[in-house]
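Next up: some structures, all given as structure tokens.
Both of the next two complexes hold chain A, though its partner changes from chain B to chain C.
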Partner chain A sequence: MTVPDPADRGTHAVMVARKQADAPAMTSPLGVVWRAVATIWSVPKARVGVALLGFFVLLAVFAPLIAPYDPSDNGFGRSEDFSAAHWMGTTAAGQDVLSQIIHGASTSVFVGFVAGLLSTIIAVTIGLTWGYLRSITGDVINFVVNLFLVIPALPLMIVIAAYLQNGGIGMIIFVVVITGWAWGARVLRSQTQSLRSRDFVTAAVFSGDSPARIVFREILPNMTSLIVGSFFGAATAAILAEAGLEFLGLGDSTTISWGTMLFWAQNSNALLTGQWILLFAPGLCISLLATSLSLINFGVDGLSNPRLREGANR
Partner chain B sequence: MRFLLTKVGLLALTLWAAITLNFLLPRLMPGSPADAAIAKLAQNGPVSSATRASIEAQLGVPTGSMFDQYLQYLGNVARFDFGVSYTFFPQSVAGLVGAALPWTLVLVGLVTIIAFIAGTLLGVLAAWKRGTWLDTLPTVGGTFASAFPYFWTALLLLFFLGYVAGWFPTSGAYGRGTSPEFSAVFLLDALYHSILPATTILITSLGGWILGMRSTMINTLGDDYVTFAEANGLRPRTVAIRYAARNAILPNLTSFGLALGGVVGGSLLVERVFNYPGVGYLLYTAVVNQDFPLMQGLFLIITISVLMANFIVDILYGILDPRTRR
Partner chain C sequence: MSLLSVRDLSVVYEPRGGEPVPAVTGANFELQQGDFVGLVGESGSGKSTLGFALTGLSKPPARVSAGSILFDGVDIANLSLADLRVQRHGGFAMVLQSGMNALNPVRSIRDHFYDIFAAHGHVSRIDREDRAVELVGKVELPSSVLDRFSGELSGGMRQRVSIALALSLEPKLMIFDEPTTALDVLVQHAVMNTIRELQASERFTAVLISHDLGMVLEVTERVMVMHEGLIVEDNTAAAILAAPQHPYTQMLLSHYGDPRAEVVEVPGLAVRGTARAVSSDVPGREGRAAREAIVVRGVSKIYPPPRRGEKPVRAVSDVSFRLEPGASMALVGASGSGKSTIAKMITGVERPTSGTISFGDLQVDTIKRRSLKRLHTEVQMVFQDPYSALNPLHTVEYILTRPILNFSKRRGQDARRRVLELLDTVGLTPAPQFAARLPHQLSGGQRQRVVIARALACEPQVIIADEPVSMLDVSLRAGVLALLNSLRETWGVSMLYITHDLLSARLVTDQIMVLNQGAVVEEGGTASVLQNPQDDYTIRLLEAIPHPQVGR
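On to the complex of A and B.
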């Protein structure tokens, strides 16, 4: 940090003044988040979603405390039925099913959160820049995004995952993010385009703000709800994709997750032995977690819909 | 005409991009997929130089210029030469894909059309009877069902209706001992085998159509011409179907193309569960056996099929809505 030259003091003062003016804007994101949560909570469907998601997050965080056994401990009897010691029985390899379900929550919540976050970051960066800049690169990005939208995602994920053999959770997140960002980018781009010609953006342009500042400090905060919505959408897709890839046996089959449980259930002939809980429980958890995110999105839709309609009328 | 030319041009560009992506994928990956493929092929016997060249054109070689490889690859794709599978040695990839494709096309195609029609009707009903149980039931049910992983619905149906109840066959697309032929007996048998996979795809994809149609329908119901039709004293059913629904279908059709990719992806998992001999099951087999030539060929065919379906929907959209032709 250099000491400001006395001649520059004027500009410096302006910058300080601007920093101070920004200060409430810096704290207001918390306020925005709080208000967003309150709005989401006011929609009954979304309230159910928040409660469900909260349950799974608690399960994921406190899995080691809640689970009765170590999920990879295979020292129990094989393919046991329900009992007081094993509420959901044991797997064909002799592991406790309940402990695996509880620990599986950690994997799904983690993958959903990280992959959703990364996809959203890419979607926000590309969608906003692409929506704000009017140049020839816009057409190129348009083409690339449309390409990623029409190429079937799961086959692409399967092919990439087959080359990067047994890469585990990191590989799965990578594959899901690569194929999952395009939808959010397109939605955010159209919203940016409709906000681009609003008065507050014109005002910012005239006051000499850089394009980066306009896009990320002026336009971005106006799309919070849409961004939150695309995060939940990406997270849902990530959780379903992760389960699908692991069910096919791509990825590390020693990971404790709901997808891997289903993989082992089919490969150990749980269908024939009649241990329906091995099929039923992991899939139900995946569905409930994915549903909880979709339900929350009903509340987020309520936040963003009036604005979307304004954009559609232009 | 101009509309058609633009669409054809865009299709050509998209096809080129997909084919190029297929070329780049194995070359961007760590290790040498081509060497691994040729080494596996060599276990079946001597590898002819023609086979080696076609595999290298597809999967990449460390030597030689990238541009030459690209040209050779494009030539091979134009001749449907995707090399030889080593899982099903000595069958060609093109032949294997050609045998598997009809099963998936018929299954996914028919189910998607049924789901689209049923979902659209239910969506119209839900929007028209907004707030009643006719609205709540399909909306909530659809949301929950679309969160089901395809393979889970498949596993549950397979277990409860296939194994426990024994109502449906548990594996394959036709009974053992029969072979594909055009006879009533075989077609009925194939239909019987396709009920569970079809139901799975229907259950999971229906919700999306209901929700999409419902929301566009609610938007059109607020339009002036609907109010005008109501003010004219037309029967409610006429207003709902001839005025509102007719215009709400169009936006829903756009999502048809985009949703198709998801349905195809889901059907891959469904085929794995039911051992259904389509493209998805073949892709699974290729992945498990690290059969890279087969895998690349399948990925290309799947992608091209989805692109073509999107193209057809686009053209259809242009025919149905004159405004998009500009």
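On to the complex of A and C.
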């Protein structure tokens, strides 16, 4: 055949440029991850987010090494002000505040990660199945999801948490997951519905693939950025919800976390005694951690949409 | 002085974090007032990039890197955005391929005109209505469209509106970027005629950008052929038709033929004369030749009304035919004629409202999900758009392995051997290299070959090809068609070829059925129907095909 081939001629300018950029990285799963990290890193906002998150993760992992004292050791003077021995002073119960802040990071990071992951898994499973099926099952799921969407999350959380009294972190994760998956499921469902009508999905049906395989091998990988975005969103919500529940005294008040610190600070009227750092430090940490995740989400947008990458300099 | 003079113009794409890619290099030409010039090239030849540069619409990452564009003596390559905007009145305008989607769906057509009049202030408030009516009149639309919204207009009407909008600034230079490509065949023809008449009466200078050399030769006086960013040929249409100089132009031109001719020949495809008999006894390879016929009897499909209070949509009405084993049949019609719906019903994707479809002992019209898999081992589909038919995240090997694992007993190395064999069959060699590629590393033609290989993977008896070449460049079409043809002849697969393109139907099929609004209006041997069309609709379809040779 004498027909020339455009790929050999290397014609389409943009296509070729993208090919060169993508070709080596796209070949292995590790390459995909590396490319994702590189994409997120190329967005300045996301870079700040990654640095912040990295800081908190390091704090959480190496808390026992970094913290000057045992956070539950109440053998120090009560409600002490800043000093060389206690940089942030001590609590009303006589614990070192800095050590509590450092150890509190591990609770928040852990809850954020686990609850975010679990609610994303539920959202993905339900959202994708719901989006792909066109039968009565879809209507049933629709009803359940709408139910979870209309119930106000905070009162529901409080009710469940009050019911499962003092269940500790496990209970908090459970409550956050139960109330947090529905929105993600809804978003993923609409994307699935739009991908479902693509030719490659029909082609997979013609290749004899089962519905489950089509959903998870053909459709799912095409919405990575949405799923990663929904994970960071869920993790942010989980961190805030955890702090909120602990602050209301609905968690186990003996665990060391930023939420319980706020709870005890409020209980001991820290503001009235002038120990503003007791409220300010955990509050700032919570908002910084949540901010870091939101900042990373800016970079995630560029993952599956190259136009957002190129348009960034306009 | 010429209206537009382009000197040594180069445009490069500078993607972030990538090597700059030249899209247009050293373009040199002049346009006089009232010229009608065609700019032809295949996808990626830089023709649209050049068009955008001429109207000052180049967007990052594209950048004019060298040369000048003198429009009425002003270099527009270096104009600021504000000066450029002023220049658009009485200057240059562009009609885009997706121009019909450029209308704001929540504003009436009248608002669109008024916005432009207000922005440039060249039409006084009292005259606006008259001017808008006059403009839509010029594109042969009734004044009532001014009250409508874009969603209420057909694709052709919307494209006419966007032409009228472009005219509202009384441009001296109009650039049409594939103005009819997204439209239906018959509508294409009508819109093209309007553009032609407008150009003749208004005497603006027009540049028609298109991939379709045949159409450009038919409507324009002068043609520039672009290839890899270079203008390789610039001559009058008659001269190009009579004696194309550049080998690329010669190649493009060789792919045009008249489906009505006695013998139709296109490079790479076997000659198909009139005398050819319908061959159902193809010497197929053992076990692969089609044994069963698809029998469609009195099939109708009625879709529920799109909106409350409207009538149900009758997509297919009372269609009967028989696709004999090993035969090739074309299903021809404009969009909306129901040809794709028929394909969906034959493959069990949709169910007919009435009538029966059978394939061997399978009753396709009432098929259960379990037997659907059995149907798909025998009836496979080649999709229209190779860019969306392959999952961008899977390698060619994965894509081809799926049907092999699902439909045959081959596993492991055996399955891989089969993948390589399939790639060989569709001409993608060296096969191991292609197997490892991802779809975005393949060209459109190569992708379509992968799609065909996937359809062949389970050794089907019937292949349904839904416009398999309509998204491909002209030069690649012949290759894919030749492949389909040879597969059919060597393996004895039956083929239902769905298309609006009568030339390709003539090239690869023996029988033809012409559909109009869901009903069969004409059927018979492809050559005899096309040479001697009886129905008015078939004649109109034939006339809509550009014939560069006709009338010269």
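Convention: the second predicted complex is superposed on the first by the 274 of 314 C-alpha atoms of A that agree within 3 Å, B and C clash if a C-alpha of one lies under 4 Å from a C-alpha of the other, contacts with A are read in each partner's own complex, and residues count from 1 in each chain.
We adopt the following convention: a contact is a pair of C-beta atoms (placed from the backbone, for glycine too) under 8 Å apart; a residue touches a chain by one contact, two chains touch by 3 or more.
Since we're looking at a predicted model, the values are computed, not measured.
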Partner chain in contact with A:F280 - chain B first, chain C second, else both or neither: first
Chain B versus chain C as contact partner of A:L272, first or second or both or neither: first
Chain B versus chain C as contact partner of A:A153, first or second or both or neither: first
First (chain B), second (chain C), both or neither touched by A:A60: neither
First, second, both or neither for A:A162, with chain B first and chain C second: first
Complex contacts: residues of chain B adjacent to chain A: 13-14, 17-18, 21, 25-26, 29-31, 33, 143-144, 146-152, 155-156, 158-160, 163-164, 170, 257-258, 260-262, 264-266, 268-269, 272-273, 283-284, 286-288, 290, 292, 295-296, 298-299, 302-303, 306-307, 310
Contacting residues of chain A [partner chain C, same complex]: 1-7, 9, 11-23, 26-27, 42, 198-200, 202-209, 218, 221-222, 309-314
In the complex, chain A residues that touch chain B: 143, 146-147, 149-156, 158-165, 236, 240, 243-244, 247-250, 262, 265-266, 271-272, 274, 276, 279-280, 282-283, 286-288, 290-291, 294-295
Chain C to chain A touching residues, read off their complex: 13, 15-19, 21-23, 42-46, 49, 60-61, 228-229, 251, 267-268, 347, 349, 373, 376-377, 380-381, 383-385, 388-394, 402-403, 406-407, 427, 436, 438, 440-446, 451, 454-455, 457-458, 473, 475-476, 478-479, 482
